[in-house]
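The following blocks contain the structures, represented as structure tokens.
Each of the next two complexes has chain A plus one other chain: chain B in the first, chain C in the second.
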Partner chain A sequence: MIDRLASLGRIGLGSLERLGRGHLLLFGIIGGLSDMVRRPRLLIAQTHSVGVLSILIITVSGLFVGMVLGLQGHYILSQFGAEETLGVMVAASLVRELGPVVTALLFAGRAGSALTAEIGLMKATEQLSGLEMMAVNPIKRVLTPRFAAGVISMPLLAAMFSAVGVIGGYFVGVGLLGVDDGAYWSQMQAKIDLREDVFNGIIKSLVFGVVCSWIALFQGYDATPTSEGVSRATTRTVVHSALAVLGLDFVLTALMFGED
Partner chain B sequence: MSSDVNNSEPLVKIRNLRFCRGERAIFDGVDIDIPRGGITAIMGPSGTGKTTLLKLIGRQLHPESGTIEVDGQDIHRLSTRELYELRMRMGMLFQSGALLTDLNVYDNVAYPLREHTRLPESMVRKLVLMKLEAVGLRGARKLMPSELSGGMARRVALARAIALDPMMIMYDEPFTGQDPISKGVLVELIREVNQASRLTSIVVSHDVEETAAIADVIYVISNGKVVARGPSDEVANSDAPWVKQFMRGLPDGPVPFHFPACDLEQDLLGS
Partner chain C sequence: MSKMRTMEIMVGAFMATGFVALFFLAMQVSNLSTVTESNGYSIKARFDNIGGLKVRSAVTMAGVRIGRVTGIAFDDNTYEAVVTMLIDSERKSIPDDTFAKIYTAGLLGEQYIGLDPGGSEDYLGDGGSIPLTQSALVLEEIIGQVLFSKAEEGDVGE
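The block that comes next holds the complex of A and B.
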């Protein structure tokens, strides 16, 4: 009994210790932002690697999600004779929820795992130690640009996801199922609110960008420097990011769209 | 062997060092002096903490107790800024080379110059080519680290380590896993770089022959203690049983050939 309590305590202390290390790393990363402004080339290179190279998977996924929304939305709305509101349904679903959330999940799988593996391997091959011994702070030089690139890329990718999704919904709803072209766009224009829907979606994306990039970088930086350790860290990045995004989405949705 | 070993205040002074990993004491009351201007070898069997010692000297690890002074400064009491200023005067050659894999050879060597100086690119180019020439790899400047052999990677790392003309270089197992030609090249390079740049070198290794050939002073570490210290030839010819077994690579001695077991006869007869 005492042994079980002791092991439970050890697990709890270990988790708290990791949380503490994670926060210290985050402070270190944020502390390097001013330094990064003087070296914009690092940010540009990482934005390409983290953001630009994710565009394909994001847009293709956005297209299919929009098409599915078009199909499902039309099926339900037509039962109430409200097919003209399909545009609103597709756009609101994408801008408020699916755009930020699915983009963050895809980001964690594509860019987050790559970040963890890269940082973990840099640690395993002593590149981070090498930088330290060259009097270069690896957190500022390696981690901060990747973090900033993730935070900048996420809302842009979510915007692309939503835009392509709306077009996918249009193809299916208007092109295949005969919803009125003008109604699709005009209802969307009338009902989607810039502050309530679009800005809140952007805020969600920014939060997910911070969380996903932080988790990915911490898992890589804290990984056991072996092939098995890096592999486990990469898995943890995807699992922790997915759980954090879904949990935070509920909290943010409750705060943003809850009863006033 | 270098004849420039300076008898003045040592460059690195380690006193009463204690460092543990978990319950196990890696170092327990270790005193080491690294003299200026020479090559000091830290030797000992695998797992004895030689690399850990270099990381302690570079403050990548913190000791439980004891002091490490580098050029008169207690490295574990320095602020981050002071530490980085000191590290600019220290070079370290990692066992793997630790080259940045997304940069080619030229950019790897140029990296510390671009980070810490405001030299124009034309001057950086001249310096990089001179450092690469010193290690014989000027012609390999466009290669990526993945295209280099282990020995070449270590030579590039050496060129990078001397890019800022440091006062000392720490070599972590420079000869491990190298073929005889690469070993010979590295031995010669360490000796030449040490003499030409008048710096202090610390070589951590268990390759007795190569290390003893270039070292001015040897420290042998085992079980967390310094078991032998002194001029290279003195330690190499030591009569102390453990040191003799290690330096000459004898299969049996204080470190027994046989893992502890019961009597062979009893074991064979099954009684």
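The block that comes next holds the complex of A and C.
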């Protein structure tokens, strides 16, 4: 009985400890941001691997999500004779929810897992300790550029996702199902608000960028330095990122759009 | 070095594409291109009942949007709704005997204010108010009236 209690206590203390280490790491990363300005080369290289290489999956997914929204939206709206509002439905759901959330989920799968594996292997092969031996702060040199690259890339990728999705919805709605061309755009422009919808979506994706990059880097930095540990850390990155994104999305939506 | 250069170019292209997407969302998807709220003048109108009118609802004349509702207040003394409208500055000649009505777009659509111009030579300026108004049609009231008149017809018939 006492043993059970002790093991429960150990689990609780362990997770609190990890939470504390995660926050210390975040402070360390943010503390290194000022050095980033002096060495933009590192940031560019990381933005390439995190952002540029994610463009293809983001735009292709965005196109298909937009096309599906066009089909499903038309099915529902045509029952009320309101096909003209298809543009509003597609754009609002993309800009407010699907753009930031699906981008963050794809980002966690595409870039976050790669970051964790990279950092975890660096730790397993003692490259991080090597840097420390040379009096180079590995957090500032290795983690901060990756974090900054993730935070910069996420809103841009989410914007691409939404833009391509709106065009995908246009292809299906106007091209395939015969919604009026002008109504699609004009209804959209009349109902979608720049500050209320578009800016709030960007804020969401910025938050997701911080959270996903942080989780990925922490899991890599905190991984058990074995091949099994790295593989487990990579799995944890994807799972934790997905849960954090979906949970935070609810909180952010409630705060932003809760009371009209 | 040249590898770094191609990487720089690709990152530059990535960021440019991202900003183009943001610009597309701002200009084509949202209402930024249709909003001209900064310049205009405001006029007021009093309604007995504004129904489902909201701030940012359209103000139209002959079906063309000429402004937006910017404020809805309640007058404690007269129990009326005071609606403030911002009219685009290009629309200077709204007669001061204009009739303001609240219409509904479609059967279940949004409500908006329609202005019917009067014949006066004097025009409304900033802070002017529209004296002639007609309230929103509330569906329940119409149904009530129809039922009432039907009942009366029935009485007469007997």
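Keep in mind that, in the parts below, the second predicted complex is superposed on the first by the 259 of 260 C-alpha atoms of A that agree within 3 Å, B and C clash if a C-alpha of one lies under 4 Å from a C-alpha of the other, contacts with A are read in each partner's own complex, and residues count from 1 in each chain.
Rule of thumb we're sticking to: a residue touches a chain if its C-beta (ideal position, glycine included) is under 8 Å from a C-beta of that chain, and two chains touch if they have at least 3 such contacts.
Just so we're clear, the structure is a prediction, and the values are computed from it rather than from any experiment.
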Touched partner set for A:Leu77, first chain B, second chain C, both or neither: neither
Touching partner for A:Leu86 - first (chain B), second (chain C), both, neither: neither
Partner with the higher number of touched chain A residues, chain C or chain B: C
Chain B versus chain C as contact partner of A:Arg41, first or second or both or neither: second
Touched partner set for A:Val238, first chain B, second chain C, both or neither: neither
Partner chain in contact with A:Met160 - chain B first, chain C second, else both or neither: second
Touched partner set for A:Leu69, first chain B, second chain C, both or neither: neither
Touched partner set for A:Gln127, first chain B, second chain C, both or neither: first
Partner chain in contact with A:Ala111 - chain B first, chain C second, else both or neither: neither
Intersection of the chain A residues that touch chain B with those that touch chain C: none
Residues on chain C engaged by chain A in the complex (per definition of touch): 4, 7-8, 10-11, 13-15, 17-22, 24-26, 28-35
Residue ranges of chain A touching chain C (in the complex, touch as defined): 41, 44-45, 47-48, 51-52, 55, 91, 95, 152-153, 155-157, 159-160, 162-164, 166, 185, 188-194, 197-198, 202
Chain B contact footprint on chain A (complex, rising order): 122, 125-127, 129-137
Complex interface listing, chain B residues touching chain A: 55, 58, 60, 84-85, 87-88, 90-92, 94-96, 98-101, 111-112, 115-116, 157, 160
